[in-house]
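The structure under discussion is supplied below as structure tokens; questions concerning it will follow.
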Amino acid sequence: MQELITRAKELLADGTVSRVLGWKKGDMGWDPEPAYFEKEEDLKDFVYNPFCGANLSKYLIAAGKLPGTTLVFLKPCDTYSFNQLTKEHRVKREKTYIIGVGCHGTLKAEKVLSAGIKGIEDAAIEGDTLKVKTLYGEKEMPLMDALLERCQVCKGKTHVVFDELIGAEEGEEAGPGGLAGNRFAKVEELEAMPPKERFAFWQEQLSKCIRCNACRNVCPACSCLKCVFDGNQFDSSQKANADTFEEQMFHIIRAYHVAGRCTDCGECSRVCPEGIPLQLLNRKFIKDINTFYGEYQAGADTESRAPLTDFTFEDVEPGIVSERGGGR
Amino acid sequence: MQVENTEFRPKIVAFCCNWCSYAGADLAGSSRLAYPADVKIIRVPCSCRVNPMFILRAFQRGADGVILCGCHPGDCHYTTGNYYTRRRMTLLFSMLDYLGVEHGRTRVEWVSAAEGVKFSTTMNEFVAKIHELGENVRLEDLRCKN
Amino acid sequence: MCECSCGGKTKPDTLIPMIGVITDIRTETPDVKTFRVVGRDGKKLFEHMPGQCAFVSVPGVGEAMFSITSSPTNTEFQEFSIKRCGTLTDYLHNMTAGEEITVRGPYGNSFPVETALKGQNLLFIAGGIGLAPLRSVINYVLDKRDSYGAVDILYGSRSMDDLVQLKEIREVWAKTPGVDVYLTIDREQEGWDGHVGFVPSYLKELEFATDKTVLVCGPPIMIKFVLAALTEMGFDKTQVYTTLELRMKCGVGKCGRCNIGSKYVCKDGPVFRCDEIDELPPEY
Amino acid sequence: MHRIGVFVCHCGTNIAATVDIDRVVAAAAKEPGVVHAEDYQYMCSEAGQLKVREAIKEKQLTGIVVCSCSPRMHENTFRQAAQRAGLNPYMVEIANIREHCSWIHKDREEATEKAIILARAAIAKVMLNAPLTAGTSRVVKRALVIGGGIAGIQTALDIAEAGYKVDIVEKTPSIGGRMSQLDKTFPTLDCSACILTPKMVEAAAHENITIYTYSEVEKVTGFVGDFHVEIRKKARSVDMSKCTGCGVCQEKCPSKKAPNEFNRGLDKRSAIYTPFAQAIPNVPVIDREHCIKFKTGKCGVCAKVCQAGAIDYEQKDEIITENYGAIVVATGFDTIKLDKYDEYAYNQSPDVITSLELERIMNAAGPTKGHLERMSDHRAPKSMVFIQCVGSRCADNRGKSYCSKICCMYTAKHAMLIRDKYPDVDVTVFYIDVRTPGKNFDEFYRRAVEEYGVHYIKGQVGKVAPQGDKLLVQGVDLLDNRRILMETDMVVLATAIEPNPDVRKIATMLTASIDTNNFLTESHAKLRPVESPTAGIFLSGVCQGPKDIPETVAQAGAAAVKVVGLLAKDHLVTNPCVAKSDTLLCNGCSSCEKVCPYGAISYEEQEVNDHGIRETRRVAVVNSALCQGCGACTVACPSGAMDLQGFSNRQILAEVDAICR
Amino acid sequence: MYRIDKSRLAELFAAISGNQDLFLPLRKADQTNYGLWSEEECFDLDTLKTVKSAKDCFFPQSEVLYRCKNEDGKLSIDPQKLCDRPFVVFGMRACDVKAIEVLDRVFLSDPVDTFYAARREHGTIVSLACHEPEETCFCKNFGIDAAEPGADVETWIIEDGLYWKPLTEKGEALTVSLAGLLENADAASTPDAAEKAEKAVAKEQSSIREIIEKLPLSHLDLSRFKPENTMELFDSPLWEELYKPCLACGTCTFVCPTCQCYDIRDFDGGKNGVQRYRCWDSCMYSDFTMMAHGNLRTSQMQRFRQRFMHKLVYYPANNDGLYSCVGCGRCVSKCPASLNIVKVIKKMGGEA
């Protein structure tokens, strides 16, 4: 962390960047907030630890409108979002100085707290163990139990775009302790369910939705200036789910709109106050796209055509859905 | 004895592209090839004009099935429109299925202007399928229901 | 067992509207029409005070707040002058007499016609559609002519065609004793032999004495310059009343939208004395 | 709020017989916004249109709905009527209660209900219509004809004669097409070449006609009035400007093993060749696949013998780009492959031939110099069997469901010619039906039977089996209800014709629709038989459906007239139903641009005022001259900024709502 | 005072819901929220903070106000029936109980919101003391005592028993209806049991208060948040800095027990006519103050500032100094960007 601060100070001092976008210590030790630092002395509050889950790439849309260059710290999976945003002309690469930071997984604070660890001050990952510094001394727990779901099935440690790397080695193995989980496992499990059960699962999950729009507003792919659900082009303006249909409608369309653009950064699931596994919707699209149209990782580059704005003459017919059945 | 009329009359929305499928439907008409009156056609310039929003809206409003007809791949009046449709609908239908909404309620069929027969058989088949599935309750908005 | 006071004994919630029938539509200007509305029974929907507003709605199209432009002294109907500027107003403009709408109100406070304004000399300054709320006061004052002092009306608009209620202004107001009407339009126009120029500058030209209470309503930019002019002319802010923009949803100070500082425009306003406005955070 | 008028057409009894018109009128009148509803026998008639116009004026209608036949039929009629009454033509919507309702439903109650719903949907839509104004686009005064057969040649000649430039693109080294392969034509027995060649020469010599032979259309973009076409002129390896057509190269060419396409592969040709003697242009091409020089690098005989020095082994394919106002497809036909018809032993015996092969055998320039002989042993046959409908009128999927139309007549022609020239040859024809509608056709057929003694047997042949040097034919005579087993020397198959296989590729390029049999679809089967539904694309000859030469020539002329009618205009009115982007909603993400097939979307940095927020944004801009209104962009756009005029999101949703109500 | 074995809670709930609807924290899809009790549901009184507060029971996220039909140009209005069925909300914590008072002052002030009033009239609140307040709790700052949660009945869960103390007439009535189940621990009739119960509760209370005293957020300085400082706070440059991470989502407002902004919208249900409904809105949303002609708060900073100024300055100015924050801490744990009112209080209050 100190290395990051030192480098940030250097870049601020030599005028390479006008501000630093990183994380700032919160009140609790487990709630660092995304923050801008404009002066070297502000960086005393800078923090980078496994609680820093926020993907900062979306903030760069706003940062791109400010004068000067913004230094941003991006974790490996955040860089995919940045690339995707670059591709969609939403961020300005030339106004961004990216330091790729190493990541061994980010934590779901609730999980750590509910494991009975209180008075958290800091945390560090050592192998497959999470070591937490607390007011009551150092506590430990298995890393897997504390990670955000997205990190349990980490898709890689590669930074796809950066100006320099600190604390990260290119080509590091994916996943905590180098073990990548199968990110489609849960999707497959759902696909295997009978339709009734699947419907019940989603009904129960989506009925929790309070339409706070946190998933949408945090999502780097949902970068519309005005969401269709805020405007009335489709008579689609919604504020609250007044009917079970609207819960589904919002999430289906949101997932559809980011299909082929979603990098699977998992922010939607991370921020959902109701713990809805929203990334399972996005991953379903990713899985289908991979199956039907070949492996595609949104944000891996800035040139490729997104699957939904592309086609081949030999694409499968929509009938495939009923032919293969079982939601697969 | 009073016979209650409880026969299920599905509501079916068919989006037809102007150049092929709508003309195919016209041909079915001029050839007097019958299909159930439950099918109501909406004319769109191209199948690629059909937004998933339209399909969900139809279900919201109580449609029991939505079918989308366009030119055969390769024959699109606008060259490539139906290729996009094909991808969009494949993914959308797959998602609906994944959410537990019966996949038989949605269908894409390529019907050319010369395929009046196909149009009619497709509609007959689709309506039969919807009869099999019964009323749509999973994607319906109760506020639109009596 | 329910033993509460509900169940038909109380009047319906203030959010539940009444059905209004449009009995007459007058085209005032190319984009303003005045709608005359009564209840289904042909009677006035409700009693109101000058400056108050009501929500007009076409179900399924939208709902918006409009100031009531008719005077409370009118015992037959209410009138709304509505400028075309969005989905709902577009719809309203295409309606015909005999059609039904919903109306709820009246909401908000009113100009203090029975208190602070009583016995005063009054100067009304209006711009464009801003005449709508003031017209209610003007007619109220003219109907109770004896209770008020001299009345001056300064009214301006973009062009001759954009002057609302021109017929009434010329045929009624201008002919009432003790009432002086000053009209102005922004730019020269054929067929107009009256004053040309913006309202604030005309105001300064007119050099009114400061023994008046001023009621201002119009576009924000006009109000800004009028207030400056008034200060320049020696008026105190406590002598000036205006109405704030009608950004409301519920009308009863609960939905949170119209909250400015500790005030709720729809409940504590829309009429404010200018010194009160100065105490609010600048979010209006 | 609009003031909508609804006009319900009886269409005689076409609609009124199954739809209760009064109920439709009553129901429509109750819909919000409807201020006028009436019905009439024939809305499209002048009297009906007058009613529409009068109502528009009297009731100050701002939108109208006509409940009638398909909009593909009369949308334009009513748009014009509206316009004449001072209403924007795009304030008209049609509810299709004939093709989509009265004609397919028998139950009056059901049909009436559906008609009401369709009317309601159209009313809901028109409530959201906005007046649209059409723009204009230029018309390039040049036409392209794809295919240089008789259809293409005739079309080109007629267009050229009207004073417009026209280019013919022909795939093979010479124009002429199928007709040039024919010996005689029915029912006049004219020599095919004798009547075709002058046309070919005329086309080649015409100052308005440019012929690209050995060339193919590679790419087509643009739209009616302004197509941009890339033509690949395949390397001929012979310099056309130098070649004198002396023919020495072909004589001296050592490689003479290439199957002769012109003679349907019945004999061989040299690697450098002109397909036939009267070829136009009379310039050979080198078939690089069979040329020794190209295969091994050694040879070069032709170059050595060519005194004009026209041989150019280095020649490359050339891409010609040209703009056209109209395109005529005249790609013609081929006979179907007989792989699926093993029972006729076509692949087992060289003495089982197709009619087109017989045509070459009978031709003086053919493989046998016009002598009727068996291909196996060059003996003259003593008996011949003709089998009709091979692959035509086929119920299974081996062949074609349609009638190839020309076979009955050419078989009669063949039989007659054979009996005339070789009276000792016994000729039997197996047929399902003999179809002879056409001027002098039946007379012709009767002469074959009556004057020339051709045996016609109504019945099908089940099997042809080579037996020794004979062919054993098993068939049935349906009239006598007996089985027939006969030996014969030659069997001629009246093979079904099908559109040239290349037409699929071409149709795709042109976005012209094609039917299940690969015939190009006409815009209207009765009233617009030579126009494709795609504006600016016209159809000539067999690519549209089976036809004989006079029909082809007639259609070619018709297509030419349509082309001339188009080219005579200085500009075209464009479709105003184009995409439009809402600047305030646009994110500038480029999704729409990616799916636009016309490159009609570009991006601009624009100053915007978004409810008080002023900033510069990258926003999509639609070039309405290029946009064709498919709507692909509207769905690609996640924020809903892109919408399609005339088929807007809200209009379609209103229709959905009205239908599901 | 009454007592019931914890093991018999299901029986208690069954008894309550026999006469009326019972809303209490239910565990569903891994989250705890207030919901309608039935035997199949799994109640959860251990989770301190339900995701959404009990606000829904009185001010639902979405409710129809009336239906309007247009038949041949004739409108008809059918107002939604007011709540006329008694119900009990069980397990509300002290902060949520206090939040109802905050809402009351909005909805019951003139003109009374009859929809809300009817629910308040028919609802009986049984509160539950917080056995172990968490580090995100800061109710103490607002004079709330988690050990004495108030409402119609207040309860404590101590070891294997639930202690039940009716406080109001409604509470007494509910208690009477449950007479067979609740063991009387009243000083007059069962002095021994009463003493034991009083002792247990007192012990629990002091334990709770002790914890609260030690919580990191229990001692915030609210002194600057006074109406007279309105302009100074409004104009503070600190807002620019504070709002930056805000995503403009509505999480904080929707989990907040006191946020009461709402929107009124129409839903065109086709043949069912138009339903006018109101639903929660969030002042954090970019379109909150969007009107046809413009938006009075164009930047997220202004919207962010509005929320906290309202809670800490404007509302108290109108309500005798009562803050419209009850320190439940939901926003502290739920904000996707880890922003919350505590950070605002500290920063604006001059602490950090």
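Every chain is named by a letter (A, B, C, D and E) in the order it is written, and numbering of its residues begins at 1.
The criterion applied here is as follows: a residue touches a chain if its C-beta (ideal position, glycine included) is under 8 Å from a C-beta of that chain, and two chains touch if they have at least 3 such contacts.
As the structure is a computational prediction, the values presented were derived from the model and not from experiment.
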Joint neighbours of subunit B and subunit A, given as chain labels: D, E
Topological distance between subunit A and subunit C, in contact steps: 2
Selected interface, A-D versus B-E, where C-beta contact pairs are more numerous: A-D
Chain whose average C-alpha position is farthest from subunit E's own: D
Chain separated most widely from subunit C, comparing mean CA positions: D
Chain occupying the middle, per Cα centroid: B
Centre-of-Cα separation between subunit E and subunit D, whole angstrom: 72
Centroid spacing, where centroids are CA-atom means, of subunit C and subunit E in whole angstrom: 39
Mean-CA-position distance for subunit D and subunit C (Å): 68
Averaged-CA centre spacing for the pair subunit D and subunit B, given as whole angstrom: 29
Multi-chain contact residues (two or more partners), subunit A: 226, 228, 234-236, 242, 308-310
Multi-chain contact sites of subunit E, meaning residues that touch two or more partners: 70, 73, 263, 267-268, 270-271, 281
Junction residues of subunit C, two or more chains touched: none
Complex interface listing, subunit E residues touching subunit A: 28-31, 33, 51-52, 61-62, 135-136, 216-217, 244-245, 247-251, 253-255, 263, 265, 267-268, 277, 279-282, 285-287, 332-334, 336-339, 342-343, 346
Subunit E-touching residues of subunit A, taken from the complex the two chains share: 26-28, 31-36, 54, 59, 109-110, 118-119, 204-205, 208, 210-214, 216-218, 226, 230, 235, 237, 239-242, 267, 270-271, 273-276
Subunit A partner contacts - residues on subunit B that touch it in the complex: 51-53, 56-57, 59-60, 73-74, 80, 83-84, 86-104, 106-108, 138-143
Residues on subunit E engaged by subunit B in the complex (per definition of touch): 267, 269-272, 275
Residue ranges of subunit D touching subunit A (in the complex, touch as defined): 582, 584-591, 594-595, 603, 610, 615, 617-618, 636, 638-641, 643, 649-650, 653
